[in-house]
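Encoded as structure tokens, the structure appears first; notes follow it.
Note that the chains take the letters A, B and C in the order they are written out, and that residue 1 is the start of every chain.
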Amino acid sequence: MTPQALQRILEGALMAAQRPLSLKEMESLFPEAERPGRDELKAALAALEQSCEGRGYALRQVGSGYRFQVREELAPWVSRLWEEKPPRYSRALLETLALIAYRQPITRAEIEEVRGVTVSSQIIRTLTEREWIRVVGHKDVPGRPALFATTSGFLDYFNLSSLDDLPTLAELRDP
Amino acid sequence: MTPQALQRILEGALMAAQRPLSLKEMESLFPEAERPGRDELKAALAALEQSCEGRGYALRQVGSGYRFQVREELAPWVSRLWEEKPPRYSRALLETLALIAYRQPITRAEIEEVRGVTVSSQIIRTLTEREWIRVVGHKDVPGRPALFATTSGFLDYFNLSSLDDLPTLAELRDP
Amino acid sequence: MPAVPVARVRGEPLTWVPQDLYIPPDALEVILEAFEGPLDLLLYLIRRQNLDILDIPIAEITRQYIRYIELMRELQLELAAEYLVMAAMLAEIKSRMLLPRPAETEEEEDPRAELVRRLQEYERIRQAALDLDQLPRLERDIFQVAAQPPPMDQVRPLPQVELDELLRAFSQVLGRAEMFSHHQVQREPLSVRERMTRVLEALEGGRQVPFGALFTPEEGRRGVVVTFLAILELIKARMVDWVQAEVYAPIYLRPAGEMAQAEDGA
């Protein structure tokens, strides 16, 4: 077997394996009669490593053997393959946000009164973490409930210069 | 972005993806501002294909996009990586699959008519679970039977880029 | 002469083979089980004897076919009903072939035509299945390349919301609350509600702010009116308190209930 043929076989096996391959595993790819020696194997791996220079991946030795790895500097592009589809907000969340936007400053109890159902803490937390709403004060009634209002981050996200730019219900009815 | 940089990114992504990538998916690796055009993309893929010459793998276009695959002639060595034998498929399954591939969209009754025997539900289930076939509609006859067709996963598995690549059916002689 | 088993079928010795069946004995069971149905069996019989599919000697083939079925029954191989249907069809064709054909109906179709058509169609698909099996395929001849992806910071995209989704949500919730009225919408300019938020922000942290400091004269008359309305709303809704030490002294605004709390604590 020529060094080139050996190199090609090793490359193919390392590319197909989906796990690191030890030298022993690489040896076992060959029937005994044509099994390369350790030195031959290592020389082929070194040549393989060199041949990847300038390519999108590299041969790396890790704990359990050798594997091909996509180059780290390509992560910004490659990672987009796994980018999750953005989840969608629930109707409850959107209604809560809408009430805070259109009726601010507003307490949770007032939101619940209009919506007819409880507003989960999770929704308030999500909207707060997104920095779309914040507590701007407390109402002077028993329990001193927090007053929620939208933030400038909210305006920025929806590309509004002020709340006055929010569409009115009339716009919904006559598009 | 230089053609070399584009090529490296595509190579890295195709290596990391573990499945074929469509041109659209490749485009989505880039933020809009630096997104390459279709022609640029195809030129980079052509260059990439060339650069693999003499290596252990090749770029190939299959049903759902482009993928790197280990060269066929290396299969005798590479297949030793796995102890399990690759699955074998029964004639009944292959004939059913062939009918769906060549005569799609087709109902189960139509398959049975050509084969002269009942098609077992097990076969339809296996083909569906492997994602080689799917129901693409219902025939407008009593009972509204399902119409089966092959998927791009079928093309991927059998290393075809389109149904046109299927071996041609034998010619019929007139009685 | 002692009966020497010519084959073993399901472990049982088989001592006879139908005379006109020419099968390597040890392959018998395998062959019998391997038929994919009556068409497959017929094709086997035809091809084995190099017969022309377009001119099948129907009497002979029917005889052989029925012998096979009998053999399969004898060996208790599972026999699909389709085999019997085909036997009946063959018998029917045979009898129609025997009938003399009147001259004027020369155009009549050969009784074998339908069978020939089906055999040809099935043979094509049988071949197509073999071809399919020969295609290089994943897991056997083709291996998908997979390199280790680079270490990545997993970006979790946040849900996107469109402005009209927000408006639709608002209209739905109001509709449900039966508060949907054009009148109400016009009566409540959002600028006032926004200003209420701004005033509350100005008071944040329990600060006490002079009434006058909340106005921005540069905004003009309209701006001043909006602020004033906002403050009135806030006071009415008990969102802010206002305090005046004595008549004509400066008026201060502070977050609602702050003083009460401080007094409680004292």
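FYI, a residue touches a chain if its C-beta (ideal position, glycine included) is under 8 Å from a C-beta of that chain, and two chains touch if they have at least 3 such contacts.
In UniProt terms, the chains line up like this: A, B = Segregation and condensation protein B; C = Segregation and condensation protein A.
A quick note: this is a predicted structure, and the numbers were derived from the prediction, not measured.
With chains reduced to the mean position of their C-alpha atoms, the one farthest from chain A is B. Relative to the centroid of every protein C-alpha atom shown, the closest chain centre, again from C-alpha atoms, is found for C.
Chain A and chain C have centres, each the mean of its CA atoms, that are 24 Å apart. Centre-to-centre separation of chain A and chain B, using mean CA positions: 28 Å.
One inter-chain figure worth recording: chain B and chain C are separated by 17 Å, centre to centre, where each centre is the mean of the chain's CA atoms. Among the residues of chain C, those in touch with two or more other chains are 143-150. Annotation for chain B: residues 12, 15-16, 18, 57, 68, 70, 78 touch two or more other chains. Note for the complex: chain B touches chain A at residues 4, 7-13, 15-18, 21, 25, 28-30, 51, 54-57, 68, 70-71, 74, 77-78, 80-81. Within the complex formed with chain A, the residues of chain C that make contact are 143-161, 163-174, 176-177, 179-180, 182, 185, 189-191, 193-194, 196-197, 200-201, 203-204, 234, 237-241, 255-257, 260-261. Within the complex formed with chain B, the residues of chain C that make contact are 34, 36-40, 54, 80, 82, 86, 110, 112-113, 116-118, 120-133, 135-150. Against chain C, the residues of chain B that register as touching in their complex are 12, 14-16, 18-19, 57, 67-70, 72, 75, 78-79, 86-87, 89, 91-92, 94-95, 97-99, 101-102, 114-118, 156-160, 166-167, 169-170, 172-173, 175.
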